[in-house]
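Next come two complexes built around chain A: one with chain B, the other with chain C.
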Partner chain A sequence: MAEPTLSVRDLRVGFRTRSSFFAAVDGVSFDVNPGETLGVVGESGSGKTISMLGILGLLPPGPSWTVEGHAVLNGRDLLTLEGEELRKVRGEQVSMIFQNPTSSLNPVFTVGDQVREAIQVHHPDASKQALKDRVLQLLDLVGIPDPRRRFEQYPHEFSGGMAQRVMIAMALANSPSLVIADEPTTALDVTIQAQILEVLRTGLREFNTALVLITHNLSLVAELADRVTVMYAGSVVETAEVGELFHHPRHPYTVGLMRSVPSLQERTDRLAQIPGQQPSPANRPSGCAFHPRCYLSNAREACRTDVPPLYPTDHPAHVAACHYWSEVEATARA
Partner chain B sequence: MSAPLLEVDDLRKYFPITSGVLRRVVGQVHAVDGVNLRLVPGETLALVGESGCGKSTLGRTLIRLLEPSNGRIIFKGQDVTHVGGGELRRYRRHIQMVFQDPYSSLNPRLSARQSIAEPMRIHRLYDRATERKRVDDLLDRVGIPLGDADRLSGQFSGGQRQRIAIARALALEPEVLVLDEPVAALDVSTQAQIINLLRDLQRDLGVAYLFISHDLAVVRQIAHRVAVMYLGKVAEIAEAAELYRLASHPYVQALLSAVPISDPALRGRRQRIILRGDVPNPADPPSGCRFRTRCWKAQDVCAVEVPALVERGSGHPVACHFASPTPELIA
Partner chain C sequence: MRQYLLLRIAQLIPALFLASIAIWALIYLLPGDPAIAILGPNATPQQLQDLRAALGLNQPAYVQYANWLGHVLRGDFGISYQTGLPVLDLIGTRAIATVQLGVMAFLVSMLVGVTLGVVAAARPDSLAARLVGTYNSLTLAIPSFWLGLLLILLFGVWLKILPPASGFVPIWLDPLATLRSTALPIITLASYTSGIVARFVRSAMADVLGADYVRTARAKGVAERQVVWRHALRNALLPAVTVLGLQFGAFIGGAVVTEGVFNYPGLGTLVLSSVTTRDYTVLQGAILMIVAAFTLVNLAVDILYALLDPRIQYG
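So, the complex of A and B:
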């Protein structure tokens, strides 16, 4: 198999307050292969967004962050790069799409200028005409009607869906090998979501770009991802190919998450729920972080004392951080 | 069919658009534009639609947080459309609201107990001992441990805050709860907890819900009947099971087909309708049928004649000239 586009190993992202240290992301590893879509699923506070911001050096200012581990993109470890070097990689080899498109655009510049800038930064020698042609071509690719007129307009003249198309155009502007999209459709209405997913799919295919899709929405992953990584309380609990994960889950949290998704096709007598709440980084339980909410752990010693590593399972490329992963599938069918 | 608890007759809510220093009115946003609904005791009617369709405005107008521009609201046979003062307060005792964001709908400086007791005090319903017993009972019903009753509401998680908000809404023993996206801000595992709780409460207390949501999967799990709104009007209304099986308005069909399904085996095997364009500006809605600008079935008549919400052969009312339970594509 070809080298992965992005290979993340033992990523730890923490922040220090006056009195203590919190590990928001606590040892995360995953690969993204060329052209594939990896879904990263987890509830709020699982560390999925912080992981990606940590890799790209985009953590919000404020607390003093520490980022450790490795994140190798096309052969270079992003965590060893600084300043100008990192800036060159961002936008050219990897770019990011955020949840709220209208606040990601600068209100005082025209949309065309902003897309043009995204290209110009990485191609300072390109002619004005070549740049404009490229922008118009990109706006057309993401399905913005009448790109010539839209080029001159300001972000407030764009609806949420149209603005997200612009963000996709900007993310793809330099044909990056990887795009990281953080809840790209969560803020949009469902009919607009369907449009945006279609645009994203077309764009990725055009440039053979790999995608990391961060989302809380399992259904979105079921429709879009090739492989899935599930995160809980700062760690990866399971990674597998999408069909394998949905049909043969090997971690009780994944099972709980899938069961609690309300079905569109039928009314369920009672929705399965996971008891309790996800712990905050300040008070993670000992051993397996999921054990107080787990239906399998039943006060078993190992769950309370030993942090489960990502065990290989009986299926190739399917790993699960549960001491009792082999018992999970039987319970998932029940 | 039992007598309706709440009836809404041609309800309209317009917001003026003003311009210039003199705040001259230059137009109207037709947020809710002629809606008729009935809610019977103990049932859940869901109002579904995308942002800007008027579902929240309708909810707020119903409990009289907003003054209706036109139409009538009838609660148990009494016209409450424009009542004020003590009469309005009496009406509000019977119809309470739960908002989407439990972080801003609860006062973070009040304890859970105080938050729930507050409406009882305002309405001077109980003496102190009874009040305490009722709060304990409500906390128990919504699954907040009594030991946590004196913690500040700011110290609870989102799901727990929503439980407190629900307990507070139930404090006055209302007959109707208007729930405005009560689970939209919650994570999926917490969302399931709250949906189950709402179902249990309805079974035990017989309270009726007007459940406002954009999420068709959540609605399927809780609603008995569903009304889908588009640009201030009801496009289709039916028993829940029937709507999901026999949706006959093109917009409702598109909405249902756009919901992602949590099974990778079905990928690419569903017929997906992807609508063109955005929802039009509600200040300047299209003539005739409001959905026609995005509809693949639109004909000349759609621009001229507003389709009435009537039964058109699919067993329930649909506001479309070409209603049909199969979305045949006239491309």
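So, the complex of A and C:
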């Protein structure tokens, strides 16, 4: 088995306020293998975005952040890199695509200029013509019609879907080993979503690039991912291959997530939901963070006092952070 | 774009027209009789009456205004009551002197203000940022005439390295001499605005540095220095340009105080002296010039803004 492209262990990301310390991400571990797509699923606030930003050193300015743990990309721990070394990795070995494509592009520079910059910062000796050719090639790859004209246009002249294609072009520009896509289609029309995903899929295949797909949309994950990691309140609660996860979930939260997706087949008056709310980093419950909302827990002691580790389950490569994971299958069918 | 330009230039006309009425009326309403001012307190009533008739001061207000406007449009700003010289000539050299001072002060305040603003925004918790904050407070609080006097005292009298009074030396003739003679008024004029610009740029930059597209630039691997000075600043300057434009107009007008302190032969001192001597024609001409300059600068700022921001579409 080849080395994972990205290997994250015990990642902790927190910020300090005047009085206390909040851990937004509390001990997250996962692997991404070469060429595979890992879906990272969770509610807003589960820490999925912050984990990735923390790994790349892109946390928003303002709070004083601390990032601990290990994030080994192609043999180097990104969390030990600083300044110039980290800069070289970003955009070249690992790229990131964000949720809001129109605001993610600089309004005062042309689109062509911005894509070219993505290549130029890592290939400073390349000729202007070579760079332009490469940009046109990339724009074509992501399905932007009339790339020559579009090269000279500004971001405000692009629709959301077009802008996201540009972002994908920028992300793939230097054939990275890994692309992290944070809710890439959430801000787009449903009809455009499918197109964008196809563009992404084509691009990744072209360069055999691994993908971390962050989303709260389970159907996206079912469609694109090879493996899935489910996050809750800053921790990983379950990881498995995609088919295995959907057919044999082993964590009550995952079950709850799947149940809350409305079905086209059944009529219903109310949408199913998991009662309660995800705890904020300031109010994490003792023991298992999910236990106050858990249908399986029944306030059993282990749930209340012991933080569950990721238990290996009956299926290979399927782990779940639930003391009673073996009971989950049975009850899920109920 | 062309349509927009033509439209804006066309809008200048009613604006200047209204301004001319206001200027003329304001001065007309000022207490004080130009005839007395010219002939002195010992003039006889007959002499005064004759002079008033000669100057057309007995005609109804609107007639006087119409006459004045008619002349102005032909480039004839009249004759100075005091010196007998054509007003336009008098204003001419003074205007150049003030514009030169204004432009240099503008450049200095922009350079200083933008640099300080960027530094403070890029490192919000550093000593540099705190110093910039102090600089802002000081420049806003210190009155320009006091600063001017202090600079004269320090550099002109105690250290004797710069001349205490400033003369006008056209910069194209002798740049070094120009700098020597106008360094102090430039600093005085620039200080207040540099504080405003620094504060404005700082807050605009702080906003921009948290923007999504700045995050994208970092994610691409762009060096932090480029992120700040190229990606962020270009966007932060957009609102700052508008502020700068307004301030430039203030340079021309507000130079009155600074020029007075340094006895600099510009429009400011001209306005001051013509007020004291009741030289109405000169006063009207000078103020009309200042208003016209202000409106033109505003137009230039709007155009500049449209050029800098590709999102703006006119017409």
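What to note about this one:
One rule holds for everything that comes next: the second predicted complex is superposed on the first by the 328 of 334 C-alpha atoms of A that agree within 3 Å, B and C clash if a C-alpha of one lies under 4 Å from a C-alpha of the other, contacts with A are read in each partner's own complex, and residues count from 1 in each chain.
Basically, a contact is a pair of C-beta atoms (placed from the backbone, for glycine too) under 8 Å apart; a residue touches a chain by one contact, two chains touch by 3 or more.
Not measured: the values here are computed from a predicted model.
Overlay on chain A: chain B and chain C fit together in the combined arrangement.
Contacts of A:R16 after superposition: neither chain B nor chain C is touched. Contacts of A:E92 after superposition on the shared chain: chain C is touched, whereas chain B is not.
By the touch criterion defined above, A:S104 lies against chain C but remains apart from chain B after alignment on the C-alpha atoms of chain A.
Residue by residue along chain A, chain B and chain C are tallied for touches, and B comes out ahead.
In the superposition on chain A, contact is made by A:Y154 with chain C only, not with chain B. In the superposition on chain A, contact of A:I274 is made with chain B only, not with chain C. In the superposition on chain A, A:R76 makes contact with neither chain B nor chain C. Our summary of the superposed model lists a minimum C-alpha distance of 5 Å between chain B and chain C.
With the contact threshold set out at the top, not one residue of chain A is in contact with chain B in one structure and with chain C in the other. Contact residues of chain A toward chain B in the complex are 43-44, 159, 161-162, 189-195, 198, 216-220, 222-223, 242-243, 246-247, 256-258, 260-268, 270-274, 277-278. By the touch criterion stated above, chain A contacts chain C in their complex at residues 56, 58, 60-62, 84, 87-92, 95-96, 98, 100, 103-109, 117-118, 121-122, 154, 156, 167, 170.
Residues 50-51, 157, 159-160, 187-193, 195-196, 199, 214-218, 220-221, 240-241, 244, 254-267, 272, 274-275, 278-279 of chain B are the ones that touch chain A when the two sit in their complex. Contact residues on chain C toward chain A in their complex (touch as defined above): 124, 209-213, 215-224, 231, 234-235, 238, 308-311.
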